[in-house]
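In the two complexes below, subunit A is the common chain; its partner is subunit B in one and subunit C in the other.
Take a look at the complex of A and B:
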């Protein structure tokens, strides 16, 4: 690891202005020795300041109050404290290749590099920028425009480390790869993990990213960004489980580029965390691509969950299918903002989007904004959204058969969620998520 | 052969693009407090009205032009607009004989003959028309018949003079002058419009109608409509509009306010056919309108029906605030864009009362190089129990150069609310076209047939007289768009 943890830079801030000052000084101090191109980092920092920390006036951040969160005192450099036992307690999956990203820093401790399957390269992104320079430069920060989102720009400017995963042409990796993002800080911190995953032609892989926190009572603001490149004829099965504690604030951006005949599945499970914002952008950059997006969010307490998805159909003959479901309880708020973008040339596109929500409490909020932006005429696109309470008749039906009201409701909510959980193809993961859902409804 | 017919059809121009040579009384160009004093003086307004205008103007100066809509256009220069233009001579008219014959000809050309209407007096159910030309009301028909029932239907200016207590009470209560940029502008400079009050328990015996016409060059049209339906009353109101063909972009920024009291029902229908600009997208009217109704008390109902075929840019969201319990809001819309037209239109349904219901049916049709967006908000506030909404937004694409977009916003804060939204986008089915052609219907007619079928749900909601006009309009707007 090339970065040494230096003394923490602290500041007593009352407004985001102070945070901006903190970011600037840390950026100036560290830009020259962090991985990648310094010029790109400078551009990204410029772009971040031009865009500013999004307030509720920003259309894309209309339903979450991020700027007020960032008024607190933060640090940008955090020590590694995690123990092997703690990591092991987080690995809820058996028979997986585990990577740990602690406070935004890659840690290969659980990884026995010798036993990696053929055709698979895993290392820190810092190492990759030196050892695999050609691949790194070909793909790094190429899948999106830093000027479209302030947090992606900030990540590009400030990222210290993260994982680099490369799957060679024609290789099928049977064992799933599990990336554990864990925040362990004792003082309020902002981290910027950055991952780059490249799946070469005709390769296949399953990737699980999980986000969690170790209880320390300190606010952690995690601004993560993962770039995923799915080359021609490749098949990628991608999962995200977000299970941070009440101190965890997560901005999780995933930028995906797909090439011809590729198939990409992604599943996002938001189980807990004080604030979770998912930016999932998928670019369908060639013909005959298939994309499936599934999402499930279960919110309670004062949680705020905001799912933003963008499916960008650039070329003809592609299919995309999106399903997001949510159950909202107590004072929490959930937002779904999905956009299907069909460009001029993307004829014969089939794009479908569906968002269904159940509101359980009087104080909860559901905002949904399914959008279609279509510039080609020979397309079939549709979206549907519905929001309501649990169907009284169904509850009655079950109660007439001897179930108590609570167990009837639980059963119905399980059934509601199962449409999404059934799409999980890794058995262990499916069991884990189902257990989490049961726990949640207790 | 087919090509020849198509070329003919494509060359068919906007039919209402003529200019009438009527001497007009114009204010100088530009906008400042003097102009507002000038307008107010011209209209012989009381002090409180001038105060209201100035308040709105001062607020407007603080605002910035909004740019969030999915539209791109050259921002209007607000100092380059004539804010007051009235056909001369403007003396009080006692009978139709005194109306300028040029004016009568204009309306005959438009297909609304005042003469004919006059003759039809006494014959069962016709339409009472208020005609607004260059934002000044020139003639209101059937006033006498209506006043027998206690219905007030007159120009806005007249209402300010004769019913100040009603105007004072309701003006700005639904769309305050602080609402948005164009509503503030309108509140400052509006010149006239229609006013309508239906007293308790009265069912308006005929359709009330306003016909808007922009005639003078360089002018903006800023009219205000205020409709109040008192307890247990009913009114159906129609609005139509046309403008001459000009190279410049004329601004139309209207405000419409509807108030429905207990058990009252207001049905507001619009056939909007402002000049859409030529085939290159030059000229045309900028239609930036704020329309909003409030279901003030229990069991009231407001229904908006619109057929939007004209305007270079349409930017409007007829909305309903469902404040009373059991109130109902409806929105039925057909928006057609062709050539370089742009439309960003939709509705807002704000559920505040208990057991409120709303329905949204929006049909967008885009052809040529146009962009057509649906933007709508459904909000169920906390405590609005058992609210119910159903929205359906369909888009039809007629060429590969146009765009169709859907931006629904759904915000729910009450668990008993049930909201459904669905939207589809597609082109005219090849199989449907084939079926029609196989039965001897040519392409152009088949498209007309399919489009009319597609819009039927909305067209059915229009009053008889408008439904016929709307169907014709649809056919004209889409002529030559597929080939």
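Take a look at the complex of A and C:
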């Protein structure tokens, strides 16, 4: 351990050191007045420095080059605010409850708190730590171990704000909740939004988290973390759409804990962004749980998209089903690393995983790594992965019927993606994603 | 309508077509018969514009236009339809949506407005009856999970929808039982008019009991070695291809 740390220091670039100095001074300045427990923040900061900013030598981050994106001089305090019109341009969904997280800070601008459905509480996480202390303390930072990922530790140390959403027992919230994460900075900035979503027993909710940037040419490094607790018999339908610009760098961690008889659907759509790293960790912490993970990533240019998922089967009689699909073009690179743990106690587990890719160019890269660790002996688990080119025979068939090469390819892309897009249960959202796919292949 | 002159084509450096001459006029049905490896499928592939084949000599005129210069989609838009020997399954692409896209792209090429949704549905209903294609199949993904017969019927359904000037049926009878064969042939006959033409490519005479050709051509070793009236097909069936082979050798 100590030897490794020494090596780490030796190989640290000066940009990394600058960044660490910046983080340290901001941490010391702000830790006492930020929400939550200062002691937890200190532990998290220690953990972050012990782990260090992941380099390519770190197995979990070997396909993304964090170093290169840290060359700029960053700021940690962003004040620029967007106009209401700009926010409204980002609300691509109708009939939703909209929350805006601007540069990591909760904004109630589009939210009419008086008209929220019964049983639903929405406020900033800072407010929740004071007003809903009991719930906050019961759940905050309990869904994961800060020592397993440097960025999650960093978020826990540095987070300034974010959204708190609570759904009371037995309440079914029909209107989807849309959390818009937006970066609006003019200078290169690092933000650490932190969300806490608690769905109590027998409650149901649909949540969309979207990530976008206002085009200003400044690099944004968004290290977001959402904790989501799905209590017994609850049903949660969760979506992420990631559509940042070419200066957007996103580390998006989602830490989910599920209790007995709960059902959780999650869908991750990565549509653009310079670098996107998704850490989706789901703990199945009781019996009879159902989990569905769907993902779709479209990459081009020099984009790097890295999906790391972990489904942790801890108890018997649970089912998980995972499908990730990707279309990789030009010089872009996509990684899928799907871990499934089946612990010793988790007998009668059914766990399935599939990752399928289409590579459209000669210069694109696809890394796919299924990782199943099974310690129980009475389980059904399978995984499969495939990577191929677009089927020329299908293209010819469509062209022979009068479709142009472009429309033939577009149709086939939609068809490939449809296995994932068809799982979207919110019509507006499905249309939005399908339009994004069309746009990509114009 | 179609005029093929001294057509030579090769694939992978091997010459398959060695000088084909063929004239097809509007209102005619031509049958091209030949043993395996004679070049039947290569001829249909070259006419449809498959890129795996290289035309080394000769010309193909379609209604006066140089067909070989056109992309596969422009050939389709000019009115050529190839019914595939092995129709491709395309999961996730709905048969109906795909046909609507195809139809509208063909119309756009001709400078016609996109088809009205109501008219399109009426057309689907009418044409689907013609080939006795279950409406459920028409609405499913293109050929996904279709039986061999259903795939071939779907080809004829597409042909009915796109109303080509020249249809090329490539071994449409292969893998069909007698009922499916009758349905497919019926569809083709009903679509026949004085303005369109059909080329039926087949190994066996069987299909020609149902689709009566005006002319039968025998393709052997990359050339049309004999042409004649429909009786030629029957003669061929009785005597077998050896009779042609020995005839050619003389």
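Note that in this section the second predicted complex is superposed on the first by the 427 of 442 C-alpha atoms of A that agree within 3 Å, B and C clash if a C-alpha of one lies under 4 Å from a C-alpha of the other, contacts with A are read in each partner's own complex, and residues count from 1 in each chain.
One rule holds for everything that comes next: a residue touches a chain if its C-beta (ideal position, glycine included) is under 8 Å from a C-beta of that chain, and two chains touch if they have at least 3 such contacts.
This is a predicted model, so every value here is computed, not measured.
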Inset, instruction - With the two complexes overlaid on their shared chain, look at subunit A and say whether subunit B and subunit C clash or fit. - result: fit
Inset, instruction - Applying the touch criterion given at the start, work out whether A:167 contacts subunit B, subunit C, both or neither, answering first, second, both or neither. - result: neither
Legend entry - First (subunit B), second (subunit C), both or neither touched by A:205: neither
Inset, instruction - For A:362, select first, second, both or neither according to whether it touches subunit B, subunit C, the two together, or no partner. - result: first
Legend entry - Between subunit B and subunit C, more extensive residue contact with subunit A: B
Inset, instruction - Based on the superposed arrangement, let me know which partner A:415 touches: subunit B (first), subunit C (second), both, or neither? - result: second
Inset, instruction - Report for A:59: first if it touches subunit B alone, second if subunit C alone, otherwise both or neither. - result: first
Inset, instruction - Kindly classify A:398 by the partners it touches after superposition: subunit B alone (first), subunit C alone (second), both, or neither? - result: second
Inset, instruction - Would you give the minimum C-alpha distance from subunit B to subunit C, in Å, for the three-chain superposition? - result: 16
Legend entry - Overlap of the subunit B and subunit C footprints on subunit A, listed as residue numbers: none
Legend entry - Complex interface listing, subunit B residues touching subunit A: 68, 70, 382, 395, 397-427
Inset, instruction - Over in the complex, which subunit A residues touch subunit B? Could you list them? - result: 59, 344, 347, 357, 359-389
Inset, instruction - Name, in rising order, each residue of subunit C that touches subunit A in their complex. - result: 48-51, 71-73, 75-77, 81-82, 84, 87-88, 90-93, 97-99, 101-103, 105-106, 109, 141, 158, 162
Inset, instruction - Would you tell me which residues of subunit A are touching subunit C in their complex? - result: 391, 393-394, 396-405, 407-408, 411-412, 414-416, 418-419
